[in-house]
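Next up, some structures in structure tokens.
One chain, chain A, links the two complexes that follow: it is found with chain B in the first and with chain C in the second.
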Partner chain A sequence: MSMSTERAAAPEAGGQRAPEARATGRWGSVLLQLLRTPRVVFGLAVIAVMTVMAWVGPMISPWEFGERDYANFLQPPSPEHWWGTDNTGRDVFVATMVGLQKSIIIGLLVAVLSTFVAAIVGAFAGYFLGVTDRVLMWITDLMLVLPSFLILAILYPILRNQGWMVFVGLLAAFLWMVTAKMVRGMTISLKEREYVLAARFMGVPAWKIIFRHIIPNMSSLLIVDATINVSSAIIVETSLSYFGFGVQPPDVSLGSLISVGARQAVTHPWTFLFCTGLLVLLVLAVNLIGDGLRDALDPQSKRRS
Partner chain B sequence: MTETITETGGAVNEAGDGATPVLEIEDLHVTFPGRGKSPDVRAVRGVSYGVRRGEILGIVGESGSGKSVSSMAAMGLLPDSARITGSIRLHGEELLGLDDKAMSARRGSRIAMVFQDPLSGLTPVYTVGDQIAEAIRVHNPKMAKEEVVQRAVELLELVGIPNARQRYRAFPHEFSGGMRQRVMIAIAIANDPDVIICDEPTTALDVTIQAQILEVLKTAQRETGAAIVMITHDLGVVAGFVDRVLVMYAGRPVEVGPVDEVYYRTRMPYTMGLLGSVPRLDLEEKVPLVPIKGNPPSLSALPPGCPFAPRCPIARDACREAEPELVPVGADGHTAACLRSAEIGEQGWTATDVYPVPEVAEAPAAALPRAERETVLQVEDLVKHHPLMKGAVFKRRVGTVYAVDGVSFDIVEGETLGLVGESGCGKSSTLMEILSLDRPQSGRVSLLGRTSGAMGARERFSVRRDVQVVFQDPMSSLDPRMLVFDIIAEPLRTHRYPGKKLRARVEELLDLVGLDPSHASRYPTEFSGGQRQRIGIARALALEPKLLVLDEPVSALDVSIQAGVINLLDELKARLGLSYLFVAHDLSVVRHIADRVAVMYLGKIVEIGEVDALFGAPSHPYTQALLSAIPIPDPEKERSRTHIVLEGDLPSPANPPSGCRFRPRCPKFLTLTEEEQHACVETSPQLEPTEQDDQAAACHYAEKRVVV
Partner chain C sequence: MNYLVLVVVATTCAYLLAASALSPRVNYENQSPRPTEAAVDARLDELNLNDKTPLAERWMVWAGDVVTGDFGKTVTGSSVNDQIEVRILVSLRLIVAGVVIGATLGVAVGAYAAVKQYGWFDQASTAAAFLVLAVPAVVIAISLQVVAIWLNGLMSEAFGIPQFFVFNGERTPGLETGFLGTVWDRFKHMVLPTIALALGQFAAFSRYQRNMMLDVLGSDFVRTARAKGLTRRSALLKHALRTALIPTVTYFTFTFGVMMAGTTFTEKIYNWKGMGSWLIDSIATQDVHAVAAVSCFMAVCVMAAAFLSDILYAWLDPRVRVS
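Coming up: the complex of A and B.
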């Protein structure tokens, strides 16, 4: 065979390709860049510490969640109660840690769920266009104009007996629309890519093209979006809980703790400061990671060295 | 080594101050520091040249050879992070080290630049006139406003914009690409610069527009007497346009000299390879192209010795030890950086002597006469009109884009049909209509006897096996998230190829297209453009199709790589008995690969016929103009040709002219009497066979004419 003209040239001699394109692959280089960005490292560290604290904290504390110290109501932090006690004699440290657990779980689940829904709806609408697009976008627009906070506030008390998983579903149901619109736009442009055309012309069914070529090639957008959704989910969850619509007693979340503490923030600051501080720190950390991810994945936003 | 370049030189048109070069670059080095751990990129390593008044210097090289970077350095347009050493002198004044403010005073007034992309060169929010006026005023702040406007209008007239005074107020989006490039040239010559640097000024344009722009550049040079530095990869443009040529490879000049010397007495194997790998429009005989094996070296990890040595078929051990200097090898300051240049000169070697020429077998089916072979694809009167809609809520139709308007052709077994035309003529729409296998708006498409739109889902799926496609852009035709193995296996898996044999088949395919089977476990980003295109071809061949649709498969590749891919396509066709529908705008490539050619203009085929007959003696005025506009990489031939330069741009397919669509630009139409013109205005010409054979032209007054 005489066509081995390029066989001798292994790809390592491949012109002036960007060094990122080397064997490490795209994700490798993204990870490297992330780890070189101080704010991302800070965000990751904060989240890691908080997660460990949230699950390990209650175990090492001498107090159980739900256990009440009837000798101490509203006591300031002491060696016995690290972060003090609240109105009913609960240990604030344990309660806050349990609330943090719930907030982290709800934030993550809602983000993943809403991004997943957004990816599917957006990709199908953008790929098929026509009637599918019109119906799906009609639903999306409808969801967008509904006052989500009000509806959640009305619906949740009715469904509260089903447990907090229903709450996760409801929250996700009101968070996916903007992402879905973005995904739709990207799908329309990805659809014209030649590898998608090639797959179509070799007879690959549409749904396979969507899952094999379109969604994986949007993964950077989806990951960034999911990260940003984590913080908005946490905020919506806490604000709902703050108003008493979200997580219901005996469950606690950061929101319900803040709502209790807020009333006595001046007189008994420990019931308010710790949970609020943790919430601010958590959302800040998630946003820092999201920011860093977007910079690492989007070559346009890379600053010149 | 630099003196030899600057002392002697090509034709100096003006004797005035011909003694000293206007722009002189000496031992220029440009290094981009690597970020993080990545090594530095040494983009330019020791470039020296000088251009005099009225001289045109061509800089040729493949992408990444440092040709643009060296000129950007001269303009002071490189980012601050670049390390630049050496010397850049304009009229003897050192430019290197000047701050941005001092450079700005010289940029535009004494040294100007024309960029490649006319679409992004103009600000969309200002009128073109204001942008030219700005260029004038910035260097002549005292000039009166009326004077500036007057000068801008003069410049617009000079670069050939009709109704310059009215068009002064037009916005860039109202101009076509060619017109915008004219405006860019007007801006460049606004202040009578001494040097104009043109960075691939015609690469983004169609050939007929390219011919216009080259004319404008010649006019501009006549008017200003400036020296022009012409950066291009097109050896045809260089042959006809420049006085001296500098060939760059891996950041260094490897051969410099007057254009005839370099083209006819080539002394450097790389230049030979470049010249040998260009398909020639003017050669009837089909000779395989000379591919240069391998890829250009990475500028961040250069091998010791001659950077071309790893790809050079006549490299010796000495070549790998030290990098050769440019040494004089012939008359008129012809220098080459090759240890064996003397030997090459003595033996009179040409590209075919130096490079092993692959043999290309003849397709077995080609032995049969055309009429007896099976028809693979038949397209009859295919129509694709896009509606133009207006309004947000209630859409109403305000017009129709006649993308494809009655196209008919057929392809038989083992045949290659080249579908050519300028951008916007409907080539790609035709392809998409054929590949979609949907029922066309009107007309009939039948593949292997089965008609599109009349098949059931299962039959349609099975027809997909027989028609596969290779796309233009090797960057976007492979899914970047998939391994090469999965990419090639995708069609096989889709069509339920037995899983056990999958790996063997993928390896066989990789081998078939000349890649190492072990590359299957890599990602597409790890490959160069030519290799990716080979992967694309392997994917298309996986299902053993009968017809391969090639949508500009080589237009995104460098010439030396392009030659390898074209040879591969030639060989595959012969070995596998494939038929090709080859869409391209590069007629030289089509002449090389196609058996028959169809020329499209505004959604219609204007001429179709057997390749040698059609290229030898085209009978439609458009084909003649198209062929005549293509520069041939042969300086003497190119200088002696007269180009038919078409007026104006391609009309919008939404509003085609009545009768013959080519009428408004047709050079023949102008020579006709009023009565004869009547037919062109009234009736649209049909494809009529001309004389014998199966050549047919859609022109009322078709007449064969030799143009190449």
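Coming up: the complex of A and C.
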């Protein structure tokens, strides 16, 4: 019962389809518009290159991630060590690629998790209103007021032995609130639409209406927000890792590499510059895609871009 | 009322979490020579930090004191209230400078970029804002330090100027150079952290103001003002910008409040003894009462910011009335 389905135009004489019929519905036109936007193409290209680099880089490098070159501590970039070595003799290129892998995974997982939570909390609050809404929105407000850094910093040392996936869960727990409020607002208006009312009169259970009709019709908002949450997650992870509350050794992320490299940034800049440069590029690319998506999916923002 | 309840619950949650997860006892057990367990217990009882006392009981004592305005004692035995008084002023000095400079520049650049939409200035300012927004606050602060060290070396070699950019604390301890010397010293210490804060604010405000201005520029009242014979400059400044500033002022109010709660990274990296760095230090020293006090302060800041921005919006925009 999606509202975005369009009837294909009848083929013209000679069997030629009308040009507008070639677009495959709303998402097809959105995709076309995105691919015509230079900043989105740039963002997608950067992310594609970085993703390939992150996973292929360690394979083509002569050094393993855990390997140490004890003859070369803090050596500048050279044919032997493409991006130099750190203070433990580890190859900076390989470490940065592995860190990039972790940052990409953390960003994506946190974004998906937090957007999922936001969609459910916001949709249930907006659909049921009353006590459900009051309770859920009160919890949302409380989460907004609680200093997230404080809770992450206190809880993570206790849970750090359970691996970085726990860190992903903790990060996601503090990135859903603003989106949930937006979803709630949209749900309140969507629940009065004809197709939702029809489903209700047909006796479809509330949870089915929420998952089948309301959340899918907010997909544009959720996609944009998930994209923005990717960069938010990466930035928060970097900040926490800098103070030792993030990804823990032997795992590395761009944040934890920046934390180590920052102490030697003046004397041995390669330990800081490469991981920082990649982090900024990654976040910038994600933000550009998010901005392009917002323009493509939100008619209001088009004239502002 | 709802705001007050949220602050109380948030502070209580922070206290309970800190009291159950942190261990102030460690500070005493790591001393050399190591004090006896009885001595440690006595000291912790005195500070209401003894983990052998039931959590509910400790909370009752602490909450009772907080109601009278006393946030208790730190792990070292000093008053939390005294620390708050000093540290709020430190944070405030940094935030006022950073947010005001960043927001003012951001608003000016954003408004001008909107007027010159798609021009080179718009493209350049948008690119700059996007770039800054992609850099974490931690990285901005560290990068500025690296640049400052390089510039200090350059200025020292070229002009014989001693270290101009200073990035350790908010003043040089034990410096006695009279009033002007003290002001100059504080200014030198303020430059880098202020730039670090202002950059982020500039990026956010320029994007926000540009969007607000573009919304207004297409409005009927701006066209009407021009049709009535107002110059373009007058129509833009007196009508468009004034209207576009309404949401920006409320955004500024909210940002200012949130910043009071959140300059943690900048303060810590530049070693400013403000509220933000206190949060990190108090977690490191397992200081339950300090953590709870900072949490309460942060919650109050966020709630006050939300409340004030709502009121301000209703006051500035005649179309809105907050019920």
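We take it that the second predicted complex is superposed on the first by the 279 of 305 C-alpha atoms of A that agree within 3 Å, B and C clash if a C-alpha of one lies under 4 Å from a C-alpha of the other, contacts with A are read in each partner's own complex, and residues count from 1 in each chain.
In this section, a contact is a pair of C-beta atoms (placed from the backbone, for glycine too) under 8 Å apart; a residue touches a chain by one contact, two chains touch by 3 or more.
Remember, predicted model here, so these are calculated numbers, not experimental data.
In the superposed pair of complexes, A:216 makes contact with chain B only, with no contact to chain C.
In the superposition on chain A, A:235 contacts chain C only, with no contact to chain B. Of the two partner chains placed by superposition, only chain C is touched by A:262; chain B is not. After overlaying the two complexes on the shared chain, residue contacts for A:280 are found with chain C alone; chain B is out of touch. By the touch criterion stated above, A:145 is placed in contact with chain C alone, chain B being left untouched. Judged by the touch definition given at the top, the superposed model places A:197 against chain B, while chain C stays out of reach.
Residues 304 of chain A lie in contact with chain B in one complex and with chain C in the other.
Of all residues in chain C, those touching chain A in their complex are 2, 6-7, 9-10, 13-14, 17-18, 21-22, 130-131, 133-139, 142-143, 145-146, 149-150, 210-211, 214-215, 218, 261-262, 264-265, 268, 279-280, 283, 291, 294-295, 298-299, 302-303. For chain A in complex with chain B, the touching residues are 1-17, 19, 21-23, 25-26, 36, 193-195, 197-199, 201-204, 212-213, 216-217, 219, 304-305. Contact residues of chain B toward chain A in the complex are 34-36, 38-39, 41, 63-64, 79, 81, 291, 293-300, 310-311, 358-359, 435, 460-461, 464-465, 467-469, 471-473, 476-481, 487, 490-491, 494-495, 511-516, 519, 522-523, 525-528, 530-531, 534, 536, 539-540, 543, 564, 567-568, 571.
Those residues of chain A lying in contact with chain C across their complex are 138, 141-142, 144-147, 149-151, 153-155, 158, 231, 235, 238-239, 242-243, 258, 262, 265-266, 269, 272, 276, 279-281, 283-284, 287-288, 291, 301, 303-304.
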